[in-house]
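First chain A sits with chain B, and in the next complex the same chain sits with chain C.
Showing the complex of A and B:
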């Protein structure tokens, strides 16, 4: 890690230059998990397997991917469900997941996104029995059916392997880099050990390993920004430098508010993923807020001010109801997914 | 200068191309058979589509049996054997706007007679990709990559509007080449090329569009 006070190069940060609040939100985002209940389709259990034990429960990291869970699921199935002969026939490249309602799950989506998207879709089904108030979003396990063969290739991307998952993940990081700066120099400037290392951080679910590399490419909010609370002054060198003289808090050419666009995607319960330019500041110089973003893109669901009618819809990021005055640039620095993208899931209020 | 497209500009460029292709009744098959499609509920997700028939490459050097689905006459240069493979392949082709790179991107899927989508190894045996494109590349089950390139040449992705699994050519490199072609076409007499026509001719160095 670079020492405090050295010239910043392509966004390299040390722990003392990233505001504590930024690190806090990044850690909270990283450590978010969702409960999954995975059950093999009973029609696919071999004759001599133990049917009473075919459910596997896992508290999965939101930032991880279904193919990364497969080794663990496989060990469970080998230990508990399949005998040795049947186990040898397991081919993970043919596995696919389905929700109880028959929705195919996309292995290239982060698990947290799958979970939120599913929870929202389930809550608006007419037969839904979930609480009518979205403020009461209950955290229930996402029940998945695991199929071991015959993936529906007309509807799902092929090859849910760790390797293809890694390539898809790196592709998303590069696109996010491009969105922010108009080029992918920060990503291509990473040495191979770093490129591999950031994926290892995902595979091993290690926050420090991931951010050791990610801090070189993800912009941060500068300490002097009014939108973040002042960092805990435990670092003695920070006392001696007034903020205005501090090079790290000067308009930061690599900062969250100088990107040309924040990488954001908008997910409705059904329908294509929406992605557009999201500038950090608006034409009048004010910060681009979540409220402005939503009312620009979905004015029927998020009517622009002044609006005093009932709430029609809500937005979740990593399962959290984010306040409407949250700034898009701040979200890009503090609550992006591990793939670099801020994924906003829109639900319909009931 | 690299051209980028807003959604409105992309739709306009595609419609201009489709109109020009109809009017000129061009013999170039690359221009034929395209139509504009929209998402059934949301504006701004339109794209171009056409369906063509492909054959396996090893049926006889570069011979392909190619029909567009609106029965335009195939240019017959007299060397193409009239017979087709007993097992013709259906290729859905799409021109989609990349939301990240803001340029048109070529997506496709190929289906056998049973309706199943082809795996990448089989796609490489069809006549779709030009033979020299794969030189120096590494193929996995999910992508074709060149070591020197930042992004894979060809990889899987979901169609941005339909959500169906497709293969797509990474759009990064094409826009600059298109500008050169447009400038060259301006210096010639006759109708100037539309941006999409120029883009398709760049694409045809990689994909057999005829």
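Showing the complex of A and C:
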């Protein structure tokens, strides 16, 4: 059975520098998983395969990548489905995934992003069987078809190897670093063991290994100014930043509210992906909220206040409907993916 | 112009659902139409400035205009062609001497986030320079 998605590591993050609430949300983000159903294209099953068992279910970490699941999937197929001789003929570097609707799945996208993208793309398909009402976001397995040959390399863009996945991951981390600070000094300043360690954290799905390094590059939520207390969430029992827990080291040069820009990408159903400069605070000094971000980027889908009409669209981050008053800087520190990016997926309300 | 949103039978299907409020199909149609306006491709062009790093050959012309909706992959392919690079010859590309963007990111996004003095600066190298 899958070892993924289990909470194997429960060490404590260094609480002296990171507020406990930040660590909590980072852990919730890290531990998020999605169900996948993986089925070999029946036309490509080698002779003598056990056709009754060609489906494999896995609860995969949102922050992981498809190439990292391949060893487990391969093991299952070799042990259970493929005839031994036929299995030996298959070349794993030619395997590739497609969704049921025929969308190619990119090797370098985090699995959670692939899942959320599928959810929002389904929201614009009236014939879709699954309920896409966001008030009832059903967690159903994302059905993947595994092809065993003839990968459309031009469209997949990268090879399925773990190494190229790592390179793409590091590239994203660096781009996020550049977005935040206008340089990549924090990333290039990491020693080789740290650079390897952060990827090992992803591969092994180890929260502590990952954050031991990531905390050197991802800003904390310690406030830059006491005048703008970011609201935590609509849930009064979850104060993200009890004042006593925050180190009062203003001005905090590495704080989430002092970055030049928050690394955010906006995903629309079936594309496009939008990205630009997202400053943590607005000109009047108030915090840049998700509501403001959405209504400035997509005013037709998220009409600015005052608006009393029906809801037209919704926004998911890691599969969660995030409160509109969530602040972009807070999201960047607490709900970024492991690649450093806040991925906002927009679906159509029905 | 935006195309008609959704599929033709869209509103009809929604209207027949007994539990759908009367204006739900209208709302969905409005949302889909709004979505279409955001799917329109950026028509503007961006100036890309290529800069060789290390031993990489220098290009005689290094300013090019490229449609912003292109993916970065198209920039890489263009560069390979200009340099007469054979497939398999290593070529590494970076923005602002700092990072390699994902090949599926668009020139438009990269320009909006990283443009320097109105140019998107693309560095290229025959060896991995900023890993």
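Just so we're on the same page, the second predicted complex is superposed on the first by the 306 of 350 C-alpha atoms of A that agree within 3 Å, B and C clash if a C-alpha of one lies under 4 Å from a C-alpha of the other, contacts with A are read in each partner's own complex, and residues count from 1 in each chain.
The criterion applied here is as follows: a contact is a pair of C-beta atoms (placed from the backbone, for glycine too) under 8 Å apart; a residue touches a chain by one contact, two chains touch by 3 or more.
None of the values given here were measured: they were computed from a predicted structure.
In the three-chain model built by superposing on chain A, chain B clashes with chain C.
Of the two partner chains, chain C is the only one touched by A:298; chain B is not.
In the superposed model, C is the one of chain B and chain C that contacts more residues of chain A. Applying the stated contact rule after C-alpha superposition, one finds that A:171 touches each of chain B and chain C. Look at A:159: by the touch rule set out above, it reaches chain B but stays clear of chain C. Residue contacts after overlaying the shared chain place A:206 against neither chain B nor chain C. By the touch criterion stated above, A:103 is placed in contact with neither chain B nor chain C. Applying the stated contact rule after C-alpha superposition, one finds that A:350 touches chain C and leaves chain B untouched.
Applying the stated contact rule after C-alpha superposition, one finds that A:188 touches each of chain B and chain C.
Chain C is struck by only one stretch of chain B after the chain A overlay, and of the options 43-51, 61-69, 79-87 or 187-195 that stretch is 43-51. Common to the chain B and chain C contact sets on chain A are residues 106, 157-158, 167-168, 171, 174-175, 178-179, 184, 188, 271-273, 275-276. For chain C in complex with chain A, the residues that touch the partner chain are 6-7, 9-10, 13-14, 23-24, 27-28, 30-32, 34-35, 37-39, 41, 73, 95-96, 98-106, 109, 112-114, 130-131.
The residues of chain B lying in touch with chain A in their complex are 39, 41-42, 45, 99-101, 115-117, 119-120, 140-143, 150-152, 155-158, 160-161, 163-165. The residues of chain A lying in touch with chain B in their complex are 93, 106, 153-159, 161, 163-164, 167-168, 171, 174-175, 178-179, 184, 187-188, 271-273, 275-276. On chain A, the positions that touch chain C within their shared complex are 106, 108, 124, 126-127, 157-158, 167-168, 170-172, 174-175, 177-179, 183-184, 188, 195, 261, 265, 268-277, 298, 300-301, 309-310, 312-313, 348-350.
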